[in-house]
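For reference, the structure discussed in these notes is given below.
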Amino acid sequence: MSGLTHFDGKGDAHMVDVSAKAETDRIATAACHISMAPETFDIISQGRAKKGDVLSVARLAGIMGAKRTPDLIPLCHPLPIAKVAVDLTLDPDLPGVRVEATVKTTGRTGVEMEALTAAGIAALTIYDMAKAVDRAMQIDGLRVVLKDGGKSGRYEAV
Amino acid sequence: MSGLTHFDGKGDAHMVDVSAKAETDRIATAACHISMAPETFDIISQGRAKKGDVLSVARLAGIMGAKRTPDLIPLCHPLPIAKVAVDLTLDPDLPGVRVEATVKTTGRTGVEMEALTAAGIAALTIYDMAKAVDRAMQIDGLRVVLKDGGKSGRYEAV
Amino acid sequence: MSGLTHFDGKGDAHMVDVSAKAETDRIATAACHISMAPETFDIISQGRAKKGDVLSVARLAGIMGAKRTPDLIPLCHPLPIAKVAVDLTLDPDLPGVRVEATVKTTGRTGVEMEALTAAGIAALTIYDMAKAVDRAMQIDGLRVVLKDGGKSGRYEAV
Amino acid sequence: MSGLTHFDGKGDAHMVDVSAKAETDRIATAACHISMAPETFDIISQGRAKKGDVLSVARLAGIMGAKRTPDLIPLCHPLPIAKVAVDLTLDPDLPGVRVEATVKTTGRTGVEMEALTAAGIAALTIYDMAKAVDRAMQIDGLRVVLKDGGKSGRYEAV
Amino acid sequence: MSGLTHFDGKGDAHMVDVSAKAETDRIATAACHISMAPETFDIISQGRAKKGDVLSVARLAGIMGAKRTPDLIPLCHPLPIAKVAVDLTLDPDLPGVRVEATVKTTGRTGVEMEALTAAGIAALTIYDMAKAVDRAMQIDGLRVVLKDGGKSGRYEAV
Amino acid sequence: MSGLTHFDGKGDAHMVDVSAKAETDRIATAACHISMAPETFDIISQGRAKKGDVLSVARLAGIMGAKRTPDLIPLCHPLPIAKVAVDLTLDPDLPGVRVEATVKTTGRTGVEMEALTAAGIAALTIYDMAKAVDRAMQIDGLRVVLKDGGKSGRYEAV
């Protein structure tokens, strides 16, 4: 299957051999957002100022989720993650929360999946924490916005 | 923080006490979709008929991801999952893949997070398997479409 | 080895058969404290009022750690945890933080190990977050303070 | 929050970027002890000579626990652990068991948390194995006793 | 695909719905053996009498492995394991070690996979511990020898 | 215990110190086979051509299992796996399936255990998927067939 590196010549799935690739500094940033009812947004926003901070829990879940990526994505290589940051921004125009996750490594393959997993798990954790008041929240726009390092070079979402 | 059950009276996060809730049959269905370039869609569609099936790998990742939910979502209860099914449909109109995950349990709390995690991980796995040919794929519409069982009753997305 | 139920008649370790025990409501509370330099205590205390809350991260780590107990303690049974709460109190007299973790289940064996693991992991997380300013912090007094439910009845530390 | 590297400029938790740090040989030793009733100590001591060895189980749990550290401590980096040793010494003066865990790596950040986790899990496993005869056992003195390698140099507990 | 319950009507893999099955007491026993050079057998046998017991480590690995079964076998249900015992017998006629693992649960599906995983992981751990002196060890005869409980009734290997 | 490197001078289990070993390219291949009734073989073979492919699920389980090796084998070092391939061949002469797993890394210790774990988990997954029609399947011949890289040089099974 031309182009899909996760399949070998016979069409069977495998974890691609990266042993001949150079260990280079790599970075990836992924983003998504979760939309909610205005009342839900107000409850979460108020917690930001006081105690009981939904965003702190979601940020931590995203960071820890990045470390579980090779357990979750079948053909993903385990990597020595060097940095994870998850930025959460309250956006009254959604209304909801914008999520951006950045992961760095020095390794033989990229960290897009780690960044996407971190962003996705952070957003799902917001859903979990607010679902008692709002079941109709929705996560959209989960994608890679930046990738750099490695042979394939820099990619930025337009 | 009124309504957010994952915080106690002091505003501190906790895992809610469900020991007084009844063990009932519960079901949840979550959905999302991943959009891609027409060329990527063609490559994945061809694999569906032949060997090297992207959708088979993603389906399995979603099923296994559902089982990891309490490891990923900090305040989620571990549950004896009774069923997981992940349906993946090629949709030429996106173009891309529609994901629907259904989880059942007989337990003291619902399985929305398990269904959402299964759907999200399945979509992320499609991203992983096709990212060598298309970095701009995007996941949208990750939400609960059905929930039933338990005290709060049936919920269906409109 | 008389009394040590985790060994069989030949002296070999095994996971004790609990299938004949009744499913009852069980609770356990464990406690410990971490002592630190007064300057470290001040830094952590200030974060309590503002953002960057060490205690929030530690609380979450303790809750998630409780769920990992059967992965960590070799002969521990997996249990459907019904509640986890981790209380963290700044104590200027130590100076340091007092940790108390409570776990509930409806199951065939107790949750002392889950409570002890939650308390221990919460304290270790405080160490991790403050170790850049204080390597000499120390965790003491990790013990079960309350256990109830099950055939052996109520236990309270004196 | 000055000094606490696990928070960024906004006070949000993150996993610190270590990609610019050198890969160096690092070592850390952590210690703790568990105290018990004299009768419990006698039972465990006798098993040391015969079969049914509590200390063997605890040692293995500590070694395996070191490998789970990044799953447990939220902001801890995953590291390629090069060595784990857990020494357990029966001390009739406590009476109880002294635990010392040493971890080595060649990496970009230290292994104090791995050593502390190994020591703590080993002690908790002793509690688990003897709790049927003694609920009042207590773990104290969990701390780093030695750390070397990396920019911050050697640390030894006084 | 008639008879293979892990596939649905369309031929897609799923985790079978067991929610309508009764919670009954279930047991399974699996066995295997590992053969080795006579010199390797002698080294392991001597450790049995003294310290440094290969079999103790393997037994514990098998018990812990049983608990990881739903993480390893994709379509396996998570179950509340009630008992795990791993018996290891030195057999000079192989020469090598015979492994027998028994798992019990009270649940909606059987524990054959847990017993097979426990036996397999115990044997692999023996391989790991002795591979420095013998690379040619081999594991054979991994199979279910007994299964009981549940609708399909008792099965015993002939 | 002379030769068994997983025990120290006192006979206690430890994770061997590999920090002084060179990072070299290493490869290992392990194999096994699972035998079954002719009817079971026919069902699995037919799925190979159509949908509902038992072998695809088993292959993926083996690849993911390789990544879990340090969680399963107590004294195994965590390694940055660079490649995993699991080849499954239908063999009508058994009748059954032949499994061969190859793992590569650039690290300080070998990947035999990862290859053996991948092969074993793939075979166990075949058992799981076909056990509804055939309980008497059996796994044999689980062994290392090739190992290369590192100080001890090349090993090939005869």
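As written, the chains take the letters A, B, C, D, E and F, and residue 1 is the first residue of each chain.
Operating definition for what follows: contacts are C-beta pairs under 8 Å (C-beta built on N, C-alpha and C of every residue); 3 or more make two chains touch, one makes a residue touch a chain.
Note that this is a predicted model, so its numbers are computed, not measured.
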- Neighbouring chains shared between chain D and chain F, ordered by label: A, E
- Query: So which chain is farthest from chain C, going by the mean of the CA atoms in each chain?
  - Reply: F
- Check: chain pair from D-E, C-E or B-F whose contacts match over half of those in D-F is C-E
- Item | C-alpha-based rotation, chain B on chain F, 0 to 180 degrees, nearest 5 | 180
- Query: Over half shared or under half: which fits the residue numbers at the contact of copies chain C and chain D, same or different?
  - Reply: same
- Taking mean CA positions as centres, which chain lies farthest from chain B? D
- From the C-alpha centre of chain A to that of chain F, how far is it in Å? 31
- Task: Express in whole angstrom the distance between the two chain centres, defined as the mean CA positions of chain B and chain D.
- Result: 36
- Distance between the centres, which are taken as Cα means, of chain B and chain A, whole angstrom: 15
- Message: I need the residues of chain C touching at least two other chains; which ones are they?
- Response: 12-13, 56-57, 60, 64, 68, 71, 74-75, 78, 80
- Which chain pairs touch, all of them: A-B, A-C, A-D, A-F, B-C, B-E, B-F, C-D, C-E, D-E, D-F, E-F
- chain C-facing residues of chain E, complex: 25, 56, 59-60, 63-64, 66-68, 78, 80-87, 104-106
- Message: If we count contacts the way the header does, which residues on chain A are in touch with chain B in the complex?
- Response: 1-7, 10-13, 32, 43, 46-47, 50-52, 54, 57, 60-61, 64-65, 68, 71-76, 112-113, 116-117, 120-121, 123-125, 127-133, 135-144, 147, 155, 157-158
- Query: Quick one: in the complex, what on chain C touches chain E?
  - Reply: 8, 12-19, 70-71, 74-75, 77-80, 107-108
- Query: In the complex of these two chains, what residues of chain B are touching chain F?
  - Reply: 53, 56-57, 60, 64
